[in-house]
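Next up, some structures in structure tokens.
Shared between the two complexes below is chain A, which pairs with chain B and chain C, respectively.
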Partner chain A sequence: MNADGPVVNVHVLFFAKSRELANTPRSKVDVPTKITASDLLDLLVSRFGLISIRDNLILAHNESYIDNLSDTVLFKEGDELAIIPPLSGG
Partner chain B sequence: MDHVKLVNDPIDIAHIHQLLADAGCGASSVFVGTTRDNFQGKKVVSLAYEAYDSMALKEMNKICLDLRSKWPDLKHIVIYHRLGTVPVCEASVVIAASSPHRSEALESVSFAIDQLKTRVPIWKKEIYEGDHVSEWKENKESIRPKRSKSAFNYAACPCKVEESHDVPRTLVQIRVNDAELTKRLECFVNRKRDEINSQNVIDFKSSFVNSDIDLSDSCARTQSTIIKQEQSNCHLKVRRVNNRCGPQQMEMRPNYELELNKLMGSRDGQTDPFKEMRKSLPNSRLQAIESYMCLTTDNEENIFSRIKKVENRLLQLESISPEYRHFTKLEPSSMELPPPKKIRKKSYSVPELSAFIQKIKEGSEFA
Partner chain C sequence: MIESEVDSERSKLKREIAELRAALNRKEQCLRELEVSVHTNARAEQEIVGNAVESPGGAVRVHTKLTNDDIARYSRQLILPDFGVQGQLKLKNSSVLIVGLGGLGCPAAQYLAAAGCGRLGLIDYDEVERSNFHRQILHSEDRCGMPKAESARIALLQLNPHCEIHCHSRLLYSQNAMHIIRGYDVVLDCSDNVPTRYLLSDACVMLRKPLVSGSALKMDGQLTVYNYGNGPCYRCIYPVPPPPEAVTNCGDGGVLGAVTGTIGAMQALEAIKVIVGLGDVLAGRLLIFDGSSGLFRNIRIRSKRPNCHVCSAQPLITELIDYEMFCGMHATDKDNPLQLLSTDERLSVKNYQEKLQAQPHLLIDVRPTAEFEICQLPDAVNVPLVEILDDSYLKRFGKQLEDKQLPIVLLCRRGNDSQIAVQHVRNRFPTHSVRDLIGGLHAWTNIVDPSFPIY
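The block that comes next holds the complex of A and B.
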């Protein structure tokens, strides 16, 4: 899915369950500069072995939630992506 | 002032009180979330909290902004969350607010803890006594991924609409554009609604409804009848609904004649020369109706047999869709039969005829 168009390298942060599954708190990954959130999620899920929690993940791009998976996300080099499993603060 | 912090040490409640203190405030509300010592029968030893620190602080500050826009009177807001290992019975989160009056302080704190559980990226893992595997918790309020319907990529699966003209004509009742269809549906729905409304009233009334009487403020229940059952000695009254005019008894037959007259546009008894002309010429209006109703006709045919065909067609359409007649949006009062149409043969005097011929000549461009 990133065969066409330019790609950029972004930071990916993992937390809680996703951190345990990915076996690392942070990584870097190449992503297309323009991609829909659902495609992006699929890309990250398959890259980091998060299939078991795929349906509960939400992404944050530069510390803002990507509210809707049908949204299109635009990336710049060095952007920060976070993989957010269901929250349990409080 | 807003005090937002992620801390690694026990939270000092007294310190929170100091932050809230203000001479102008009559109320401070403090919510302290503490760790429970059990979950589903398992003994919890401690909880391990972790956060996406930078974003968590950002979201906590957003909550403060939200609170201030909702409750502008708030003086101080404190949101402290503890991270790392928190032993049971210790505070993991403290949310506090002070305001001149209590309602703002109480409401805002309650709102804030809900918001925190929903959108601040902090996670906790329960660590149990014994060999139980520790578990990541999930707030039921937590923000969840949304999948809107438009997420489906329609462009990826093109849908071929088969342009078929093979539908038997008998199966096609009407051929209209979207606007017309919408109008008809609307009309149908409105009509149905009116019908239901009127029947709701009529059903419980003892006598036929006179359409002159305004029913708008009548209540169906109060107008139902109380009839003592025949030969009954019972002191209880029996309530019955006299259903002489329920839907079963409604006159279901539509008024074809009126419809037909409307379609034909005939107002009897007027000697409009153009009308006369239309009668004498092959009846173009009837032809239009026939073509609209998908009837094949022969212009040489007797006009009455043609009308009969149209009538049959109307009947057939109504049997397919009983509401067909309502598309013409008739007022119920106009359902009364019009006086029977009289076909008179008029005899003309010579001057009348020549005047008539003159008129036809003058109006020849209309023909």
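The block that comes next holds the complex of A and C.
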């Protein structure tokens, strides 16, 4: 992650278990305009205390699933990230 | 009539009604058993003659016409241009397996039976109990203790006697899953645990069955259709199971019946769309329902994962595995007692009541506040586990905690969280007496005070 590059502010939505762990349904976070998905995931995990569900969540950028952790994600100001762990109850 | 006569007449009538109801239940059970055995014999004969469909319990004949009763009963959906007579016939010739007759399975089964699905299979190992009623709306007070599949069957036949219903009142696991699932066209995952979700996904990939997967907890719901068209399977999305401590079940986290009802009804809708070939099936998309804000969202999820262990062109897993082992969890939503502490580090409820309750001590109930408000022991103070773990309790009890002679007793609902709390508090105060109540409030009700409420 290039700490000196340009940064934008994006919305983060938390669902299910991640909402409990982050202790909020939504937040905002500064992210680099260009970042690999795995670095993005690490940033969110450490910022919001999501370590216990790191490997078991859907990370969606503007309502699209981020397929591959080695992909590069490009951000614009005001983009939306959603963190969606599985629910198993019924 | 004087008041005492009214009372005795009332209890006499209540008793007689209860006896009649029990007799009625017994007769109905006999009738069901008779019908099942007649049905099984008839099928065995047809198999000998050789005109039965291959699948176990498969549809023996194909309906090509609607009856007058069908037309009257389904008129409001028959006139839907996209559904029509062909849609109704497809539904009448279809079979759907519903796994779990709980908060999701009840409404899903209800809408499918009502809509005229020809054959429903119901799987549930569990029995009806009082804590089910708020969301499992096919079950009723007089069927407490009955297998859930049987109870659901009774309610569904009242709704639509033309629906053929097969009950599988046992746990679905690797050894019986393929055999049971093979006989159905579509599978609904209405289960409540992670191992069953992986088991159903793998089995449905192997048998090429669409899997309509719903889940719900608290105020949240999720819905998608796996293994349909180019869409992914459960493993494509979640290749590794979550750690057991990150999984909350409805018994611990709570759930609102209208939330499971919303998702269950939508599972029925997706199953109907798959069967009839109607609209855009929710595959490759995950619907997320946030009941607290009333928001539905659709997330585009991936297509098949090219290296998926099960559904890719070169699968590594080609037969069912041990899913409880794979997930490190049981295939039920029942709790397993934690054993973090040895017995001498803990207190039985009896011992607490006899030896300590009347003495000076600090009794800390570590349940969430909403649960503490339901019921609490005398003199208990509520400090939710999170406030123990983040040490914010220290400020509140600073003075009392200085006294090393004051025993600290921690408790919770079942004696699991209280052990975690003991470990944490003892690290901070190694010379204090810090123990917890074995079995928690459930043990208190069972052993000390039967009038104490249980939830």
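As a working rule, the second predicted complex is superposed on the first by the 84 of 90 C-alpha atoms of A that agree within 3 Å, B and C clash if a C-alpha of one lies under 4 Å from a C-alpha of the other, contacts with A are read in each partner's own complex, and residues count from 1 in each chain.
Please note the rule applied: a residue touches a chain if its C-beta (ideal position, glycine included) is under 8 Å from a C-beta of that chain, and two chains touch if they have at least 3 such contacts.
These figures come from a predicted structure and were not determined experimentally.
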{"item": "Fit or clash between chain C and chain B when superposed on chain A", "value": "clash"}
{"item": "First (chain B), second (chain C), both or neither touched by A:Y65", "value": "both"}
{"item": "Contacts of A:S52 with chain B and chain C, given as first, second, both or neither", "value": "second"}
{"item": "Partner chain in contact with A:K17 - chain B first, chain C second, else both or neither", "value": "both"}
{"item": "Contacts of A:P85 with chain B and chain C, given as first, second, both or neither", "value": "both"}
{"item": "First (chain B), second (chain C), both or neither touched by A:V29", "value": "neither"}
{"item": "Touched partner set for A:V7, first chain B, second chain C, both or neither", "value": "neither"}
{"item": "Contacts of A:L43 with chain B and chain C, given as first, second, both or neither", "value": "neither"}
{"item": "Superposition clash, chain C against chain B - the stretch among 7-15, 61-69 or 79-87 that is involved", "value": "79-87"}
{"item": "Contact residues of chain A, present in both the chain B and the chain C interface", "value": "15-17, 55-56, 58, 60, 63, 65, 67, 82, 84-90"}
{"item": "Of chain A, residues touching chain C in the complex", "value": "15-17, 25, 52-53, 55-56, 58, 60, 63-65, 67, 82, 84-90"}
{"item": "Partner chain B, residues of chain A touching it in the complex", "value": "13, 15-17, 36, 38, 41, 55-58, 60, 63, 65, 67-70, 82, 84-90"}
{"item": "Chain A contact footprint on chain C (complex, rising order)", "value": "100, 102-105, 190-194, 197, 214-218, 220-222, 237-238, 240-243, 245-250, 253, 255, 260, 286, 288, 290, 293, 297-302, 333"}
{"item": "Chain B residues touching chain A - in the complex, by the definition given at the top", "value": "33, 49-52, 54-56, 58, 81, 92-93, 113, 116-125, 136-139, 142-148, 150-151"}
